[in-house]
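Next come the structures, one after another.
What follows is subunit A paired twice: with subunit B in the first complex and subunit C in the second.
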Partner chain A sequence: MNRSYPYLRTAILMWVTAVIVGAFLLRIPKMSILEHTARNLYFHVPMWFTMMAGMALSAFHAVGVLARPGREHDLRSATAAQTAMLFGVLGMVTGIVWARVTWYQGTDIWWNFDPRQTFAAMSLLVYAAYFVLRSQIDDIEQRARICAVYNVFAFTTVPFLLYILPRQVTSLHPGAEGNPAFSDITDPRMRLVFYPAVIGFIALFWLLYNQRVRLGRLLAAADRTSSEHDRSLAS
Partner chain B sequence: MTMASSNPDVRIVWHPVVDAEPGGDASATQGAAVAGNPPANQAATIDQAATIDQAAAIDQDAAIDPNAAIDHDAAIDQDAAIDPNAVIDPNAAIDQNAAIDQAAAIDQDAAIDPNAVRDSTAVTPYDSVWAQTGVPGQQSTGIERQLLKEDKLYTVLAVVLIIWFGIVLFILRTDRKLQRLERRVDNRSTSSSRDD
Partner chain C sequence: MSVVREALVVLSKDLRLEWRTRAAISALILFVLSTVFLIVYSVAGEDLQPRTDAAMLWVVVVFSAAIGMGRSFVTEEEQQTATLLRLHASPGAVYTGKLLFNFLLLVTVSVLAVASFVFLLNVDVASGGLMIATVVLGALALAGATTLLSAIVSKTRAGAAVLPILLLPLLLPLLGAAVLATTAAIDGSAWSEASDHLVTLAAFAGVTIAASLLLFDQVWND
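On to the complex of A and B.
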């Protein structure tokens, strides 16, 4: 472990704490329907950005697996995808709850197949299939190669599912066809928290990703040790 | 409200009706109190007008202020009552309106108090309307009511911080465990390499 890691970890945790406090205490514009739920912008949108960053990292290591086969890239690729999925699910949950108390207020609707919501769910399902694929192949080398190919394919769908297609159809989300863009309706005061929140959640992603990579290495070391032990017992 | 009589030492005093509705224009009555006195040469005509108006004023004020009657009695000026030149001057009414206008102007000044700009009610170009002013839809119930309450902000922050500090503890604890395991694996691999 790097010697600067504890300091970096502390800085990240303090940064995210400051973001959370700022998200609730700094003033926001008075927006109809949204009211204080507009503060969810500081959590919901950065979660998606973090998921996309994680998926990009996963694809990067997937290319690394194909370029230079090895367990490290495969471990990093799978771990990045897992952690990205975590943030994607959190983004989905924060979005569903947000929509429930604003767009669908006074109704019993939790999910209404809004195009961006639906495409985001499809994106998560594409990556869920990646984990199903990983779980079905026992051979380590073969699993790494096949899953790396699938990972690259999965990542190419992300811009289409999360950016291009949702902007072509009418949606309740900002930036969709007929709706004002995010930059048009976001008060500069909110950006004071929003952009640090994006940085903070991506840094938090890195922290969790780093921990899981270390855990993966330890598990791999334990596997090697146990297989060596088994061999020595057999001989 | 004070008005001049023919005797400059005697003034007609109108006690403002202070049972204004909540949020009503109470400042208008305060503004009336600061209205200036008319010039002395108009005193007689003003007295005449005041004499006519007093009937209504006494009726109104008597109900809430017994001192009002005493004030009005003091204000009755015999000279003015027998003044043949006494004419009802419509300007007297105009003066009263002017006094009320001044009060309204004072209210406007209060509304643009620079302190009010820094208040949370300050208007920004991004504001639309708070939901309290009529959001279409049904009455909020259950979880919605809790989430949409403006004053729950600190409660929500406290809950989120408790959850976040739980996550922080989890991260720190996991780091400690990982460090211990990594050290053990390092020691084992070092010792096995020495054995080899």
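On to the complex of A and C.
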């Protein structure tokens, strides 16, 4: 892992750069209303896919905390949730700006009730509550366990929020009642950049997550060393 | 003792304690009534659409639950009866007993809220049966979400105060389905139209209760 990591990192960064360049320079089919803002598709949707992947990873490690208690799974669970939230916020911002220039063009509004948008915002609130909970418990092992329980519990409601409910309610998003499915409206030319974009942003997530996990491990080790040092000085 | 009997023992203990002090139920009743009076004053006699009435009803119920339900496990820790409970009943039984107790409290709160809306805000509920079904399923789903979370918050520093933060984002599916079903009940729609929403409520209740049963062990035993 350590040996190949620099090469992997370079490869991922080059891939994402290629995706961004391709997103802005390659041709896209002509679409009414959307026109060139359709390029946002390459960013907005992969951000959300990445957030969901991150949340799944966080829940996976939360189960790991419950099965095998220890610092490692807890650190990974929290880091995955944190990084997933970053991508979620980016997805939300790209969505708001995109809606402002397309759906809400001509009006003065930033936010209208769109079910999928509201559900996504609530998902972010659920994970923000996870971090509030983390700050509320002092004992390290108990905190790991209780927060893992909340993580798994919250994750069971995510499929409701992000998949089942948006399809039942009318919405401007594709895939909701009254709109064609997402795969129906994505032209093959767009898929050429879209699928690499999804892969690229998930890989970018993994990069950030990996670095933060290693940072967390180092900080924990530094904490332990300094407290041992203090103890040895005191004796 | 079997799990069912243990759960019923926990339930009867909670009911008996509640009957003696009436602390939680009186707080909930007063909260619901005060909030409804605030709404009555703010609305000031304007005609409201069924959807708005339904939305306000469930916001009142959900907030009552968030504020009133936090205490169920906190009191166990405070009165130091938690250890005794751990010795006498299995975690599944403790959870089921508390769940049933919370369910009964929430049904009472919901019925009271519906009654006050009918009397004070002149909401005319056309389909009574559908309303009852919505209240029962909604209270079950709410109890399912709240019971595990109140066990979680009993371990935190701030205790019951942090329950609304944890609970409210998780309740979105519940709120959506309950409001739509209640709107259908007020409008007097056929059951077939509201069945989608009732199924969502039941599914939400099932998922949260199943997840809580699996996870409660981890929170209860430390």
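We adopt the following convention: the second predicted complex is superposed on the first by the 234 of 235 C-alpha atoms of A that agree within 3 Å, B and C clash if a C-alpha of one lies under 4 Å from a C-alpha of the other, contacts with A are read in each partner's own complex, and residues count from 1 in each chain.
As a working rule, a contact is a pair of C-beta atoms (placed from the backbone, for glycine too) under 8 Å apart; a residue touches a chain by one contact, two chains touch by 3 or more.
Treat the numbers as computed from the prediction; the structure is a model and nothing was measured.
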item	value
Clash or fit (per the criteria above) of subunit B with subunit C on subunit A	fit
Subunit B versus subunit C as contact partner of A:13, first or second or both or neither	first
Contacts of A:105 with subunit B and subunit C, given as first, second, both or neither	first
Subunit A-centred angle between subunit C and subunit B, computed on Cα centres after superposition, in steps of 10 °	120
Touched partner set for A:221, first subunit B, second subunit C, both or neither	first
Subunit B versus subunit C as contact partner of A:37, first or second or both or neither	first
Which superposed partner A:126 touches (first subunit B, second subunit C, both, neither)	second
Partner chain in contact with A:25 - subunit B first, subunit C second, else both or neither	first
Which of subunit B and subunit C A:148 touches, first, second, both or neither	second
Contacts of A:211 with subunit B and subunit C, given as first, second, both or neither	first
After fitting on chain A: smallest Cα gap, subunit B-subunit C, Å	29
Doubly contacted residues of subunit A, that is, touched by subunit B and again by subunit C	none
Contact set on subunit C toward subunit A in their complex	148-149, 152, 155-158, 162, 165-166, 168-170, 172-173, 176, 196, 200, 203-204, 207-208, 211-212, 215, 218-219, 222
Subunit A residues touching subunit B - in the complex, by the definition given at the top	1, 9, 13, 16-17, 20-21, 24-25, 27, 29-33, 35-37, 100-101, 105-107, 185-187, 207-208, 211, 214-215, 218, 221-222, 225
Subunit A-touching residues of subunit B, taken from the complex the two chains share	120, 124, 126-131, 135, 137-140, 143-144, 147-148, 150, 153-154, 156-157, 160-161, 164, 168, 171, 174-175, 178-179, 181-182, 185, 188-189
Sites on subunit A touched by subunit C in the complex	66, 118-119, 122-123, 125-126, 128-129, 132-133, 136-138, 142, 145-146, 148-150, 152-154, 156-157, 160-161, 164-165, 168-169
